[in-house]
Amino acid sequence: MELKYNGTELLICLSARIMEDRSSAFIGTGVPMLAAALAKRLYAPNLVSVFEFGGVGSSLKYLPRGVGESKTFYRASVASGICDIMETAARGFITYGFLGGAQIDMYGNLNSTVIGDQAKPKVRMPGSGGANDVGSFCWRTIAIMQHDARRFVEKIDYLTTPGYLSGPGAREAAGLFPESGPYRVVTNLATLGYEEESKRMMLISTNPGVTVEQVVENTGFELIVPDEVGQSEPPTEDELRILREEIDPEHLYI
Amino acid sequence: MELKYNGTELLICLSARIMEDRSSAFIGTGVPMLAAALAKRLYAPNLVSVFEFGGVGSSLKYLPRGVGESKTFYRASVASGICDIMETAARGFITYGFLGGAQIDMYGNLNSTVIGDQAKPKVRMPGSGGANDVGSFCWRTIAIMQHDARRFVEKIDYLTTPGYLSGPGAREAAGLFPESGPYRVVTNLATLGYEEESKRMMLISTNPGVTVEQVVENTGFELIVPDEVGQSEPPTEDELRILREEIDPEHLYI
Amino acid sequence: MEILESGLYDLIQPPDIDGLRKWNRENKSMALESKLMSEKEAMERFVSDGDYVGFELYGTCRAPLSLVRELVRQGRKNLRLAGQGLQDVDFLLAAGMVEAMDITYVGYEVHGLSPVLRRAAEKQGVKMVEWSNAALAWRFKAAAMGVSYLPIRSMLGTDTFKYSAGKVAECPFTGDRVMLLPALILDCGVIHVHKADQYGNCMLEGISGFALEMARASKKLVISAEEIVDNEEILKYPDRNVIPYYHVDAVVHAPFGSHPGEMPYLYGRDEPGIMEWLQVTKTEEGASDYLDKYIRNVPDHAAYIELVGGEEKLKELRALSVGR
Amino acid sequence: MEILESGLYDLIQPPDIDGLRKWNRENKSMALESKLMSEKEAMERFVSDGDYVGFELYGTCRAPLSLVRELVRQGRKNLRLAGQGLQDVDFLLAAGMVEAMDITYVGYEVHGLSPVLRRAAEKQGVKMVEWSNAALAWRFKAAAMGVSYLPIRSMLGTDTFKYSAGKVAECPFTGDRVMLLPALILDCGVIHVHKADQYGNCMLEGISGFALEMARASKKLVISAEEIVDNEEILKYPDRNVIPYYHVDAVVHAPFGSHPGEMPYLYGRDEPGIMEWLQVTKTEEGASDYLDKYIRNVPDHAAYIELVGGEEKLKELRALSVGR
C-alpha cells in the first residue's frame, strides 16, 4: 500500500536523511527544524541543533515558531547569545546550515532580500538575517527551495547569501573560509548537489514520481545531469509516524 | 599633640583625598585599595572600585591581596571578566586609574617591565599587567611612587605605561584617547600634577615636614615648581582611626 | 590602510568612539541612584526626534514592546533604527516614524514577509542599509569594546556587503581578506529583562540575544523589567548581573512587557495577538487602525494589558511557558 | 593595509584561524561523551613538547594548579606560554619547561617580584614578547571570534607595543590610529571551574577572568572542576553554561585544585603556602627542592593535598572564604 504524504513532509524527510550523526546543524524555523528533529530520532541521535540567538542542543521536544523562542533552548546545553553562536560557527564547529530564499543560481547563491532594485524594490523580503553568516561559516549548507524556473534562475536579483559566488575559487578569493559552502539543495522535485570541479549545481536524485526532464524544465539555468541519477525513496512509515505523532502532533507545519 | 603615622599611611591618606565623589577608580592591591576604601568612608561615599579581572563596586569590607581575589567582588555590583572591565574603561566609564612603577619621567611615563635591555635585562620586573590599559583608558591616572632621583628620571629604561609620552599632543598622535592621561603623582615627599600646557610634572604640595628643595633634589629631571606650593595636611585622627581600626585592622599593609 | 572594496552606502550613524567616551563621562554616573520611572517618562526623556534607536531581542521574544508602544503613543520624527526584529520595527515603521534603517531581518519567519516593511521599502522610500544578523550584533560589540571597527569573515563577496556601509581590507597578519564592520553606537537602546533593581542592574534568563552588546553600545539606555528586585539579589550574585547599573538611564517596571511576544520561563507567545497584527497590516489603514486601537487610544501599558484580556489572558499565557 | 608601525618581535604562535577551523572540524565532536579522566591522563594526552599553552585565571585565584603540577611531574620540553599569572607560570619556568612566552604580568602583587621570572629573563634567556593584560585577553577573544586580529586603543606609543608582535594602522572609518592585535590560539588551554558535567559543560561562580575567551581560543582544552555535577543541572540552567562541552577534551575532578590559591565562595588562599614558595624560590636550588617535595615526589593531587595538611587544612581554608 502506498503511503500518503504532502510536499512539506517529503521535504522534511529528504532533509533529515542528509545529516550525519555526531554533527551539528544551524537551523531556522519550519522545515529545517522538523528535519533536525526527525534526523535526531531516526538517523543522527547525536545531531545538535543550533539556533542563532543562543540555543544549542535543545531536545526539540517543542516546536518553536521563531529562532529566538524559549523552545529553541528548552533543555538545551547552551543558552547564550548571537555573538557566541555565530563565533562558534566561525570557528568551524557547525557542520550543516539550512538556508532558504526566493531565488537560487547554479552556484547556490541565494536571494532573500529584494526582487528588483535594492533602493526601490519590487518586492522587499526580510533581508539576510543570519543567512549570510550561516552561508559564510558552516561547512556545508543545505538550501530548501520550491523548484521552478522563476526561483532557479540564471541570475539572481540580489546576492544575499554566498554560495560558490562566481564559481571555483571565488569564495576563497572573496575572503570566505576554505572548504565551506553549498552542499545540497532539497526541493519539491529533487535533491541536488554540486559538481566537485565546476561548483555548479548537479542533480543527484529525483523525488518519487518526478522525472529528470521535469527537474530540468523547472530549472532556469543549465543543470548538470550526470549519467546516473538516483530516485529518492518516499517517506517511510516510520518517518511519517514520528513526524506526525511525536514531532508535530498539532500540525503546526505539516 | 602630633599624631604618629608611617609613610604608607600618609600615601594612603593623600591618595584618598584626591578622588571625587560619584566617580570610579581602577585599583590594584596595596595603597590604592586602602586609599579607595578610605575615600569611600570619608570623602567619596559613592566612589566605585574597579578591579581588572571583573569586580566592580565591592564594599571593600575585606582587603584582598590580589586583583583577582574573591574579596575584590565581595558584595559587588558586578563580577564579570577582564574584557568587560577593560572595555568599560575604554568606553570612558572609569575616572581614576592607580599606577605604580620603578621609574617615572617628567611626562608621567612609567616603567614596570625591565631595568636594562628588554631582551637581556638587569632586572626583570612583572611587566605591564593591566597598567598599560589603565594608563591608556582612564581619564585621570594617579601614580604612587617612592620619591628619589633613581626613580624620578630623565629617561626611563622602558616605557611600560603611557603618560604624556613625549609631551603635548603626543598621546593623541599615538592614537590614545583624547583628554585622558596623567593627573597626579603621590609620593613619600609630595603631591605632584602636570602643567596644563607643557604636560610636564609640576609640584603641587609638599608632604608634612618636607621642603621644596628636598623634592627637587630627589627628582632626577627638571621639575616645574610654581610660585605657590602647598603643604599637605598630615593624616587626621579620623583618617588614621578608620584606616587602622576598620580598613586594615590586621595591619596587612599599614 | 588600503581598502580593497567599500559598501555603496554611507553610514547612517558614525562610529564615534571618542564621542561615546565623552558622553559617558558627562552623562553617566557611577553612583547608585534610583532610575525607576514610567514608560511615559522614560520615552519622553530618552528618545528625541532624529535619534538612532535599537530594540532587543527579537520583536516576539523578550522584546520591550511596552516601551515601543509608548514611543508610538508619543510620536517621534525621523528616527533611525537598527532594523532587526519583528513587531518592534513594524510598529515604528507603520507609525511613519522611521527615516532610515540598518536592516538585517524584518519578517515573521514561518508566517512570512512583513507587509509593513514591504510598504516602507517599496512605496515610502525608507532608506535601508544592509547587514547580516551577526554583523549588526558585532557592530554593537565593536562599540561595546570601545573600538571603531571589527574585522569579520562574513558578508564577503555578496550584495549584502555591496549594499552595506562596510569595507574590505587585508588582514596584516595573515593576508586574508576581511570585512571591516564600523561600530554602531545607539543614541538610545531599549532592552527588556527578567529582573532589574532600581539602579538598573539586570538579570536575564535564557538566551541573551545581543542584550549585553547593545546595552554597552548605547549612549542612553532604557530598561524594562518583568520584576523589580532588591539590590541585595545583585550583591549576592554579581556574576549574574549582565547589564551593570552605570549603563542604565531608566528602569521601567513592565510585567508582560513583551506581549504579544513571549518571555522565557514566564509566559508564552500570544499567537492570535501576533496573527491579528499580521492580518490587519495587509493594508495601511488596517495597520493604522490597530495602532489607534491598541496604542494611541490606550493611556498606558496597564490599560493595554486590560484591553488584550487582563488577568484571564495572562493566566493563559503563563501556562504556555515551557519552563526549564 | 598600510602598516604604520610594527612591534619588534615575531609572533611565537601564528593566528591561523583557518587551521583552527579545520582542527575543530577534525578533532571536536558535538556528541555528548564522557571526558572524565585523571590529571595524569589529561596532561599526557593533551600537552605535547613544543605546545603553546595557557592557564586561567591568575596563579593564586581559580587556577588549575593540580594540572600544572601534573605537567611538571610529567615534564615537557620547549613549551611556549601565555605568561599571565603567578604560581602557574612560576612552576613551569622553575622546572625549565618554557622556551618562550607572551608575557603580560608575572609577579606577586603586594609581595613583589617573582625570583623565578627574574632568573628566567635575566639568566636563562627565555624569550619574552610583551603585551598588556587586556591585550592578551583580547588576543584570545580574537581567536574566539574566529578572526585573525582585533583593533584596540591600548599599548599605543609605548615600549609595551615596541617589544610586542603587534602592528599599528589607521582605522578606515575614523582615521584614528589603532593597535592591531593578532589572534592567539592555544595548542592547549587549561581552566579550573566550580562545576563541570562529565561532558565538559562548565559553570563558574564569581568573576570569569578570561575563561570564556581562552576556552574558545584553545585547540585542546582541559577542564578541572571542584565538583562534577549531573548534566541535568546544565539542562535546567543552560544560560549558566559558560564553556559548552564541545570545546572540551578532558574533565578532571580536582577538589582544591587551585591550592594554594583560592576558589571563590569555596575556599580562601593559603597564604603561608604561597609565602613558602616565594621564600624558597630566592634560590634556584630552593625552587628545585620545592618542586621535588611538593610535585615530583608526590604521585598525584590527592597525595599532594595530604602532604599539605589534608582535611584539617582544607577545613581551615574553607573557613577563609568570604562567602556571598
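Annotations
We just call them A, B, C and D in the order they show up, numbering each chain from 1.
Criterion: a contact is a pair of C-beta atoms (placed from the backbone, for glycine too) under 8 Å apart; a residue touches a chain by one contact, two chains touch by 3 or more.
Fair warning: this is a prediction, and the values are worked out from it, not measured in the lab.
In the absence of subunit D, chains linked through touching still make up one piece.
C-beta contact counts were set side by side for A-C and A-D; A-C has more. Spacing of subunit A relative to subunit C, judged by their CA centroids, is 28 angstrom. Subunit D has its Cα centroid 37 Å from the Cα centroid of subunit C.
Each chain gets one centre point, the mean of its Cα atoms, and the points for subunit B and subunit C are 40 Å apart.
Shared contact sites, meaning residues of subunit A that touch two or more other chains, fall at 55, 73, 75, 79-80, 83, 90, 137, 177. Residues of subunit D in contact with two or more other chains: 17-18, 145-147, 152-153, 176, 178, 206-208, 236, 238-239, 324. Taken chain by chain, the contacts fit none of the simple shapes, being neither an open path, a ring, a star, nor a full set of pairwise contacts.
You'll find the chains touch as A-C, A-D, B-C, B-D, C-D.
The residues of subunit D lying in touch with subunit B in their complex are 57-58, 60-62, 83, 86, 103-107, 109-111, 113-114, 117-118, 120-122, 125, 127-128, 130-135, 137-138, 141, 152-160, 163, 168, 176-179, 206-213, 262, 264-265, 268-269, 271, 321-322, 324. Residues 21-24, 46-48, 55-57, 73, 75-80, 83, 87-93, 95, 137, 139, 177-179 of subunit B touch subunit C in their complex. For subunit C in complex with subunit B, the touching residues are 17-18, 20-25, 28-32, 143-147, 199, 201, 216, 234-236, 238-239, 241, 244-246.
Only residues 1-3, 11, 14-18, 145-153, 167, 169-174, 176, 178, 180, 182-183, 204-208, 236-239, 324 of subunit C touch subunit D when the two sit together in their complex.
Of all the residues in subunit A, the ones that touch subunit C in their complex are 28-30, 52-55, 62, 65-75, 79-83, 86, 90, 109, 113-114, 118-133, 136-137, 158-162, 165, 170-171, 173-177, 253.
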